[in-house]
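Heads up, the next two complexes both have chain A, just with different partners, chain B and then chain C.
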Partner chain A sequence: MRRGLRDVLFVVLPVVIIAAVAPLLYANELLLFSFVMYLTLAQGLNAIYGFTGYLPFGYVGVFGAGAYGFAISVMILGLPPFAALAIGAAAGVMLGLLLTPLLRLSGAYFAIANLAAAQAVYQVVSNPALQDITKGPYGVSLSEVFAPRLSYEVGVAVLAATLLAMAWLRNSRFGLSLQAIREDPISAAMAGVAVVRGRTIAWLLSALIAGLTGAVFAWHISVFYPETAFDIGISIFATVFTLFGGAATLIGPLLGVLVLYGVYNTIGITVPQYFQLIYGALIVGLVLFLPDGLVSLLTRRGIRVP
Partner chain B sequence: MLLHAALSGLVFGFYFTLVGLGLNLVFGVMRIVNLAHGDFLMLGAYSAFWLFGLYHLHPLLSAACVLVVFTLVGLPLYYLVVPRLLAARDSEMLSLILFFGLQQMIEAVTSIAFGTTERSIPGRVLGSGPVRLLGQALPTSWVFSAGVSLAAVALVYVYLYQTRLGMLTRAVMVSREEAVATGIDLHRVCAIAFGLGLGLAGIAGVFAPFMLGSVTPAIGPEINIAAFAVIVVGTLGNPLGTVLGGIVYGVSLMLMQTYLSSWANLLPNLLLIAVLLVRPTGLLGRRVRRA
Partner chain C sequence: MSPEPLLRVDRLVKRFGGFRALDGVSFHLVPGEVLGLVGPNGSGKTTCINVISGLYGRDGGSVTFRGRDIAGSRAHMLARRGINRTFQSPRPFLSLTVRENVEIAAWNGRGDGTKADLDGLLEQLDLHRHAGRAAGDLNSAQQKTLDLARALATAPKLLLVDELAAGLNPAELTRMAERLRELARGGMALLVVEHLMGFIDHVTDRVIVMNAGREIFEGKLGEATRDPEVIRVFLGTAHAR
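Let's turn to the complex of A and B:
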């Protein structure tokens, strides 16, 4: 466990401290929040994709469920933000539970079915027939609980908890058993690893992270539409960031977010279509030439990365 | 009303068979997911607009051109991308991401080149007035597109079951390792199947303006889900399964639109999940398809 402690001291702690003091140095809080959000989401995706090999293409479905869980608790039930956060997280986990049967599918089938599930949740939430509950396609406004500073700090706290969980996965027996399942489920089962339980726990952990992040997102921006909360681009970003840095590591997704999301924010907003082109080319090149991410430049040479 | 919904569903189903056919061929043979399938369909539609706008080319001729050109484009694209992908550790999963990247590139280039306005071709190009079938009136363009789809299915069927190359293709579908061990030139077989897959997507695109109304550069991902629902409901690698999947998809879509229209767009997603969970081999499947 000494390695785990080192990861916490040299990776988790600096990231959390920087995230916490960043608003004092830089005024664009929404941008900083987006970074924190993607740092968290990429790690949440890492828990399921990196460690078990299941790619949840519709990861944003859980995120959106968290956001709408928060919004509905505030709008309809009139709950205070922290209770609503718990409901949002619970909504994410519930959706995750509902989707656990999908883990029976392998490979691309899981990814596609997961995407279809996310689309289905989006279509239910945005359906005008449910306007009384979800406000349908017209979006929600949570101005009564709007608290950008506090919600940013909560976002950093969620990031900290997520990073700790990932540091544990990276260095624990459980995380190792998950990777064994990813490499070869049959051999892992024969070695005594509880395959189904391991996958389910990883997926639910991932869903909890996404649900909680979605809830904090809803609180922070407080006015949003179904297509914002269920934007498939969120799934894609989280996946590409994770893959770019290197899945199944602690710093891989961090690197991915800092580099790629940084690039996105410098050029992506002014010329979106050219950015989309560059982004697509980057993804293709990445898969072909560096399928294990940036960190594989080090791990290939036998250097261990956190 | 029920008869009309069922009949138009059938016609739509044949069209969606064509939409899924190319994806099915690529997935069945190479075990990779061409997530850019819907975008090749979109490119087919734009080629049709272009050929129609400049030369008033009949869509049937455009379809023939598109089939040839897209298949020829598919061959170098295959050699550029797929062999490297198949050699990777987890090619099925990585293919999703890689073709997503390609999809983004195609969408971006098309938006830059043509703008994001909706395009359509007037339906009367394919003949005016409705066609009467069993006392129900259907647009001629729908029936025409369905006829082209059936012809394409028949061609794929003949290719797979009556030609030598088709036999080799089926051998690769059953087991890639054993096919290679018996001396089959894997990459030649796969490259042709990949090219044909793109060609079929292109043909489906030529008729998309008539069946789907209008087309924008961003239509790809939506098409992919529908195509996936169709081929999963049917069975992988089996063109007849895709027909069945298309019919199930088309008829249930039309029934939903007739009786429960506000929820109709949920259908492809729910159908996909339900079939995957209840019968992961598809309706015609015998073997369990686990990786």
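Let's turn to the complex of A and C:
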């Protein structure tokens, strides 16, 4: 518990404060929002992947469900933004619940089935036949609730709540029991851990985070298309950032986002012709030399990181 | 009056495809008793432990623990009810520390072990010096001992031990045998699978000899070694001694 408090004071709090004041220092709010979004999504993915070893390739499906849950609540139901956020989060959790039977599969099959599910949701949302509800492939416009500053602040609040939840997982008995499942589900069962229930809770937490993040995303950008909200690149980024920094820790995914998304936004924009090469080399190098992520530079030496 | 059996295994059958790994095995165990389970490679000893501990379902017969059939109970429920085991090739949580390995079992297994109990457990098993190390850094014999520590942290009433002695040196063997006897004196029932006959002789009250999924002998180890069928089964195998 003392360790948990330390993580909150020295990791969660600084990150949240910096994210909250950043718009005062830097004008590109959309870029800042993207950082906040990936910081949150990487942690959400960490909840399921880092703690139970299940990699949801289709994580963006839950994110997109949250975005469309928000959009439909505003467009069709005429709900105010905060109620629409709740619906978006609920949409993410509902999709997560629908997919819980996949947790009985082994890891590789879970990853593939999860991706297929995301594609299925995308197909439904972008179907022109459902245009009256989803606007189909023509995209949504939520100009009546557009509020870039407020939605950014809500995004930071979601990040804060996510980081607190992850600090708890990192330091709690429940979180450690989840890691036992990741290490060896059979041994975990012999230790008395309810394996399927543990995976289910981690996955629903992960889905809640993605659904909520998707809803805030929809609010913040307010005009988007199915390809935007279900862009597989979002899954890939969240996964790569988490792995690069180091899964199952609090600071790993944070580092991953700051370094890789930072690199992406500097060389990706200034020297786009070299970007793919540098980015690819960075990732290959990491997989080869630091398969457990940047934090393993410390953990290998027996140093515990938050 | 003899005590009520803690575990009753009755005509247990386990098939893999058409192959019967267990073909009608029956025995029982009372609290405080140590039963040895011996037999050549592939005779079904580990399979028997896997069924009793809830990892495998069964295809016939019954397993009754504390008066209730375990059918349909998942392994973690059985662990909480008091059945635990070690693995023939050890399976600790490799990237977690030795202490965390044991803590997880104490928290989830309803072993209500306090911090002091866990320290004592690690100390008894000579694991306390490694408490902060990753389980993956231990050697195989230490990992087996850690399996045992994890099982004990759930405070089992029935402990199934699968070839714990392999890889231990003579001094460690003696200590391990003493520990198992000590657990039995405390009321725990133990099923001990082992190839080392000296160890079996030292630890068990009674043995069952299995061959090809069937029981071919039950009684004292000393009598087993004079039983013609047992001699025939073991003759020429590496373990005939």
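Assume the second predicted complex is superposed on the first by the 299 of 306 C-alpha atoms of A that agree within 3 Å, B and C clash if a C-alpha of one lies under 4 Å from a C-alpha of the other, contacts with A are read in each partner's own complex, and residues count from 1 in each chain.
Convention: a contact is a pair of C-beta atoms (placed from the backbone, for glycine too) under 8 Å apart; a residue touches a chain by one contact, two chains touch by 3 or more.
This is a predicted model, so every value here is computed, not measured.
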Next item on the list: Identify the partner contact of A:186: answer first if only chain B is touched, second if only chain C is, both if each is, neither if none is.
Entry: second
Notebook entry, point to check: chain A residues in contact: does chain B have more, or chain C?
Noted result: B
Notebook entry, point to check: So, A:102: does it touch chain B (first), chain C (second), both, or neither?
Noted result: first
Notebook entry, point to check: Is A:128 touching the first partner chain B, the second partner chain C, both, or neither of them?
Noted result: first
Margin query: With both complexes overlaid on chain A, does A:57 touch chain B (first), chain C (second), both or neither?
Written below: first
Item checked: chain B versus chain C as contact partner of A:173, first or second or both or neither -> second
Margin query: Applying the document's definition of touch, where does A:233 land relative to chain B and chain C: first, second, both, or neither?
Written below: neither
Next item on the list: Kindly classify A:195 by the partners it touches after superposition: chain B alone (first), chain C alone (second), both, or neither?
Entry: second
Next item on the list: Mind listing the chain C positions that touch chain A in their complex?
Entry: 53-55, 74-76, 79-80, 84-85, 87, 91-96, 100, 103-105, 107-111, 132-133, 147, 150-151, 153-154
Checklist line | Parts of chain A lying in touch with chain C, wherever the complex brings them together | finding: 173, 176-177, 179-180, 183-184, 186-195, 302
Margin query: If we count contacts the way the header does, which residues on chain B are in touch with chain A in the complex?
Written below: 27, 33, 81, 84-85, 88-90, 92-98, 100-109, 111-112, 221, 225, 228-229, 232, 262-263, 265-266, 268-270, 272-273, 276-277, 280, 290-291
Margin query: Looking at the complex, which residues from chain A come into contact with chain B?
Written below: 53, 55, 57, 101-102, 104-109, 111-113, 115-117, 119-120, 123-124, 127-129, 232, 236, 239-240, 243, 273-274, 276-277, 279-284, 286-288, 291
